[in-house]
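Structure in structure tokens, see below.
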Amino acid sequence: MSYEIRGLNEECGVFGIWGHPDAARVTYFGLHSLQHRGQEGAGIVVNQDGHFQSHRGLGLLADVFANPNDLKRLNGNRAIGHVRYATSGHGNLENVQPFIFQFYDCQVALAHNGNLVNAEALRFQIEHEGGIFHSNSDTELLMHLIRKSSAHSFEAKLKDALNQVKGGFAYLLMTDKGLYASLDPHAFRPLVIGQMRNGAYVVASETCALDVVGASFIRDVEPGELIRIDDDGISIMTYTTQTNYAICAMEYIYFARPDSTIKGVNVHRARKRMGAKLADEAPCQADMVIGVPNSSLSAASGYAEASGIPYEMGLVKNQYIGRTFIQPTQELREEGVRMKLSAVRGVVEGKIVILVDDSIVRGTTCRRIVRLLKEAGASEVHVRIAAPPLKYPCFYGIDIQTKKELIASNHSIQDIQKIIGADSLCFLSETGLIEAIDLQLGGPYQGLCMSYFNGDYPTNLYDYQKTLTTHSLT
Amino acid sequence: MSYEIRGLNEECGVFGIWGHPDAARVTYFGLHSLQHRGQEGAGIVVNQDGHFQSHRGLGLLADVFANPNDLKRLNGNRAIGHVRYATSGHGNLENVQPFIFQFYDCQVALAHNGNLVNAEALRFQIEHEGGIFHSNSDTELLMHLIRKSSAHSFEAKLKDALNQVKGGFAYLLMTDKGLYASLDPHAFRPLVIGQMRNGAYVVASETCALDVVGASFIRDVEPGELIRIDDDGISIMTYTTQTNYAICAMEYIYFARPDSTIKGVNVHRARKRMGAKLADEAPCQADMVIGVPNSSLSAASGYAEASGIPYEMGLVKNQYIGRTFIQPTQELREEGVRMKLSAVRGVVEGKIVILVDDSIVRGTTCRRIVRLLKEAGASEVHVRIAAPPLKYPCFYGIDIQTKKELIASNHSIQDIQKIIGADSLCFLSETGLIEAIDLQLGGPYQGLCMSYFNGDYPTNLYDYQKTLTTHSLT
Amino acid sequence: MSYEIRGLNEECGVFGIWGHPDAARVTYFGLHSLQHRGQEGAGIVVNQDGHFQSHRGLGLLADVFANPNDLKRLNGNRAIGHVRYATSGHGNLENVQPFIFQFYDCQVALAHNGNLVNAEALRFQIEHEGGIFHSNSDTELLMHLIRKSSAHSFEAKLKDALNQVKGGFAYLLMTDKGLYASLDPHAFRPLVIGQMRNGAYVVASETCALDVVGASFIRDVEPGELIRIDDDGISIMTYTTQTNYAICAMEYIYFARPDSTIKGVNVHRARKRMGAKLADEAPCQADMVIGVPNSSLSAASGYAEASGIPYEMGLVKNQYIGRTFIQPTQELREEGVRMKLSAVRGVVEGKIVILVDDSIVRGTTCRRIVRLLKEAGASEVHVRIAAPPLKYPCFYGIDIQTKKELIASNHSIQDIQKIIGADSLCFLSETGLIEAIDLQLGGPYQGLCMSYFNGDYPTNLYDYQKTLTTHSLT
Amino acid sequence: MSYEIRGLNEECGVFGIWGHPDAARVTYFGLHSLQHRGQEGAGIVVNQDGHFQSHRGLGLLADVFANPNDLKRLNGNRAIGHVRYATSGHGNLENVQPFIFQFYDCQVALAHNGNLVNAEALRFQIEHEGGIFHSNSDTELLMHLIRKSSAHSFEAKLKDALNQVKGGFAYLLMTDKGLYASLDPHAFRPLVIGQMRNGAYVVASETCALDVVGASFIRDVEPGELIRIDDDGISIMTYTTQTNYAICAMEYIYFARPDSTIKGVNVHRARKRMGAKLADEAPCQADMVIGVPNSSLSAASGYAEASGIPYEMGLVKNQYIGRTFIQPTQELREEGVRMKLSAVRGVVEGKIVILVDDSIVRGTTCRRIVRLLKEAGASEVHVRIAAPPLKYPCFYGIDIQTKKELIASNHSIQDIQKIIGADSLCFLSETGLIEAIDLQLGGPYQGLCMSYFNGDYPTNLYDYQKTLTTHSLT
């Protein structure tokens, strides 16, 4: 047996709203600000007096809704939406969310951000009992568990189901009667509640979505909570009390948008502090600091400010890169034709450069950038990474490469420095990272999940346990 | 009666190559890096053994070449290409360049960046004599003048024609026998020559295009020059010796890409110096400096470095904005739904902010950004513009608004401050700008065209003379 | 409450092939010839060494596969495909077939042509036990029944399931090991087996698909049969012996392609005989016979030949009509602007016309055509319908309107004549139809299902029983 | 010297209207009914109070106007439109009509159906004098001649120009003040005037366009006429009196729509008479008559009626064939996979078949169809062509192959019979054709151009004279 579950349900963004006359359009703008969380597919389900309508498709939100009529026909004052991470691209529309389930006694729309660690075992059990799955994603699982629960109300069945799924998850469900939001017991993924000026409640993966739709921030969804929003307002319930924070550190490091605030900590500021800490921990004599656009610009400016070395624009990212872009042929690449990123000769020529990046995964991108800078005349390139080395995979919803591919899992820092061609290489320490983010939620990591750096996973790994141990992870 | 010429042939980007087996593809990548100079349309003409083929279309380059076969079928080792500025959008494909002209005795492809000031008069004369124009652009004019010239060779006819057109222009022409590049006698627009690793010469509007295709910089095209590139190499001729530099200051301020170098001055560096000068001329006590993304980030970081005030990410630009994007309805806008630009509440709330921008045209954008920051909680917003006030229109190829619309043409700085809702407002001085760019080419403005700021136009205005005087400019 | 099943799984076309190196492409051409059976959606699933890949979409086959790469990437030597009927257009991609089901122990692709009469009851039961359906179609039912069966092999489970579904069905299933084709016990829908020149077996809804792919006809699938095609060849099994023919008469009358042969009877020939019978039963003095293009041309030429009255082209159908076509506004329609069908004034002006059509459903189309002919100058229009009046709905897979909408269910022939504005109106008799088709399979109707004309349904109606009785059919 | 003019301006359709509030939409429907005259490109120019707007594109009309907004924005009560023939496909948008010309003193939109025989000489002269052409088509010539005329009014200049162009032409011109229609002195191409119910006049290539837009037929445009339609009504002028009819026989034979009437003769009826004549001239003992769909169906039914042999549907044309259709690979073709046309085995197997077609050009299509029928089991195939053999090219606007490619120009009928594999082959005689069309306009051919059959060209051939004589025609 072996259907592939892994790698298909990583990082996503969700948005929901209840009680706004133009619910689909607000959801569209909310999702748009979450586009960085997923570019493979997008969808919106709207609910008007119990009549569900949806539009979903592969690609960017703007592509999926390229025909404005697709949005116009989604009438209703309640909606949920989803953007999906760009994985290795089967182009399976079946996997694009939100899913709609129509039963003889109710309808449910469902959207999910995260990854379950016991999906394979649960799915095997359900199929064995005659259940049928239609997607490769593990999102359907929750619906099967709800329908199989012997509890007596939808809410009770839902709580029952939430206690059976393990791992990282932020769920949005919409029924005829209400909008439900729920977070796993460790709060791996961010999920926040806001309120529009007209009083409508919204739920979103990040606060940037609240800012974009003009909603004020109400509160973070807490681990183990089940929130219900309906015509009577908002109700906060818990499905478990066995919770403790393990917020994904990678959200702060590179995944979330810099203008978002997660559990009280602004992401851009956290990144600047990582850069500043890094300047303290790993100083360097140089002419300038350069960040890799766009994700490392905050950390780079933090490094520059703390070190007093000027911050310069030595790398330029082409802003017109789209998904369908024509690529240089191999011949042209060898002649030096470059697309996405250009080094600015006029800035770096003859200079000693500190290059700040947020992470090294396989090392190939970093090596390419170092070479780009040297070809443009930089005399020395000192690489500073504003996070500790990535050594372990993530099982809770971020598509970090497996151990075999993680360069820091298989090589010393000295080796990596040689591989990427840098004149020096330093990483931020784990303590430095924790202090820079400064969550202050207690525990050894102050509420962060640090497993990618130290292998200390906050949950049982179920399906993945064996894989991890036997090092056969692919 | 009078057909409208104005406003249709503003800013563009050109690229040409002679002697590369994959000429069209190299041109594609060169144009891609010049996309910021024009998003309305794009085209490439390729020349294989005298057989011309072309593909042109409306929209971004990637849209025009969305079907990869459109690029593949452009076989040939010589090509020129063009990107066209987004004017008010008639969507007239007729105006998309390069133009191809097929005569019984030769073929010519033609691309143009700039604006002529005597186009109307020349066109009237030619039509009066039975000539027929097919586009609204003034690019065709050169071709008519060439064909009507009584000189004996193509080159002689071309020089003859170049002496009749007045204003700002950078022309690329391709015939069976050679690639010609020519610049107006004041060098309003940038135009550079580079060389690919295989020896092929390229001509481009900006050096960023050379970097992207891996070409090394050879030299700037000088005012009054006519360059011929053919199988024998490169020849430098002049069609006039009555030249003096008046390089468009707006290229340095906001139009060119920061990684480009114009006449020896790197644009990003010039912008940083404008910001630093501004910090000297107009200091301010504040918690942070914020730039308007993306064009003002260099100036803002220059201001921050010079003033010692931290540079923060208080505004975020949505990177997934495309041309076909669905816009918020008026109702949603009033509820605070924002698209392109978001203010980061977590950064600016309760803070005194210095907002650095590169220019104020009509004032509406600046007013919106100030309001955005205040709604996000900024306690004070001090606006600093890294250029002098724009008071006069440009007639040489940049689509700056007319005097009626230019806010600085009709209001005092104090008035503008009130209109945009800023707590203070300062502009960089003309002297400050000239020193920051630091061209050192002599004359009162060291080789810059400063007419937008002071009305001192370096040429006779011909068609526009009356318009300017009578203030009836629309 | 009750979800709507009806009207979503009507008429379709299926095609399958096992053992051809270019299986997807052959399936494409096969489906293309079946496009008349369904224009709402299309899909192909291909199977290469147990690896299933699919492409599905809304619209015509050529639209779904507009990008040739979508077909190219479907590598494999086994495939099944489906075209789906254009119902009132929810645009639900979920309902586009073939469906793929991936289990821990096997994979199944499934395509269906027909309509079940006990789908609602079965679905209620399955959902009640925790099962989840993803589409509105009743096709999924079979898969649930297979997975819930306690039999021990896939084939035994499949037979078990086939005995539980009631109504009209032609199923194609593909697993890693074989291709299965099965027909309901009455053979409502056509299904044939053929063989490619390379030896590969194909299964298709109509023989026209065999002709198009160059396959020779092997045999019809018989009622109650389950056919297995695998690497060892073809095996014919039965899941029930309680069978008797009730082939849908509407297939002969208007649905099937004229070049197809169903159970030995060529459709075009049957239609010519219907026209000839009609000429005998309902003669008329006239100048010409005209058929409604395209479906009634065979019957009209049969009428003309039998009557000796010349057959003329008095109506022309515009061959460039596509789905996205711009329609005339109401104002233009009133001014006489016509799209799909034009009457030819030069042919019909001042003439007595016999208009032959294959059926009258609601009467609106017929009325429009009669008016068209009269506006073009026809002095008399005598309508002759080459089938008996449609009075009862079909529950076995053709989307005939409900009783409320069927004009012949609520009006006398005399009334209908007035409503459509004809000078006379006659229908073919039931006996005439049976003799014209000439199936010779015994029973009162010689093997035809005649229920649309006389209400004599060959099966228990289950879900629909009550509806039919209470006349509340909508 | 040698720009290629030939083959680029063949057959087209034109439509114009003056004085209807929805002029562009009416034009759209008119052009739609003329789509058979040109599928390469389409365009509409609308004129509102002297403001011209246009939309043009490559492909079918429905593709060009796929976005309904493209039609909606064409506001105005006057319009002309054009559909362009599918030639060998450079995909040059420059050649898609109508053309718009904007002068300082007027605007003109121009559409053209036909081919000039002195275009090359005229173009050479104009270019020599400094004129510039933008398209390869010869349509622009007229505009140059108008602008160069020394006459004093637009109308006088136009008449002057019409006297200089030679060959076949039907021109539509629209200015601020009026709509002009003009036909060459031999009336090679059809052109008719009609009137909408609201009084607006329309001009169209064929009467079928009048029928589709609900316009009544007013009169044919006569050779040598120049018609002006403006707010005062219609004025009929002549630019020459040296006229005599030479209506293109191919319009009757295969080009025009069967429901059109040209100079009083209905095309479908003419084709039936050709078939009947052919039955008289070339009888044959057979089981059935089959026509090649769709163009030969009228002739085939005429043959069947006259001979008393039943007309059967032995060939079926797939109605869903579009331009972008995926084609069978060579391998599949060899296995018998067929697309566009299928032979119906159930009809033709074991039968003697008379196959009626309208023409044989290169013989390849006919050979393929004969083989198709034989592979489907036809025992004998007797080919009957309802026109005389095509031996000479057309220079007046129909893209008939050159002499080298015309099979009848290089082979005897007996040879052709062998090449196409027919059991017998006969053509209609020239006399038979003239009698069947029955124009009764005097002269040796009763007003027809018969040059394709007998080389008797009604005009001096100018540019083509040498080519024809030297047999070097390519």
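In order of appearance the chains are A, B, C and D, and numbering begins at 1 in each one.
We adopt the following convention: a contact is a pair of C-beta atoms (placed from the backbone, for glycine too) under 8 Å apart; a residue touches a chain by one contact, two chains touch by 3 or more.
Here the structure is a predicted model, which is why all the values come from computation and not from measurement.
Chain centre most remote from that of subunit D: A (centre = mean of CA atoms). Inter-chain spacing, taken between the CA centroids of subunit B and subunit D, is 48 Å.
Distance between subunit A and subunit B, defined via averaged C-alpha coordinates, is recorded as 37 Å. Under the contact definition stated at the top, not a single residue of subunit A touches 2 or more other chains. Contacting chain pairs (ordered by label): A-B, A-C, B-D, C-D.
Of all the residues in subunit A, the ones that touch subunit B in their complex are 22, 25-26, 28-29, 32-33, 35-36, 60-62, 65-66, 68, 71, 196-198, 207-208, 211-215, 217, 257-261, 266, 268-269, 272, 294, 297-298, 301, 305, 310-313, 316, 318-320, 322, 324-326, 328-329, 331-332, 335-339, 342-347, 376. Those residues of subunit A whose C-beta lies close enough to touch subunit C in the complex are 1, 3, 56, 93, 99, 101-105, 123-124, 127-134, 136, 140, 143-144, 147-148.
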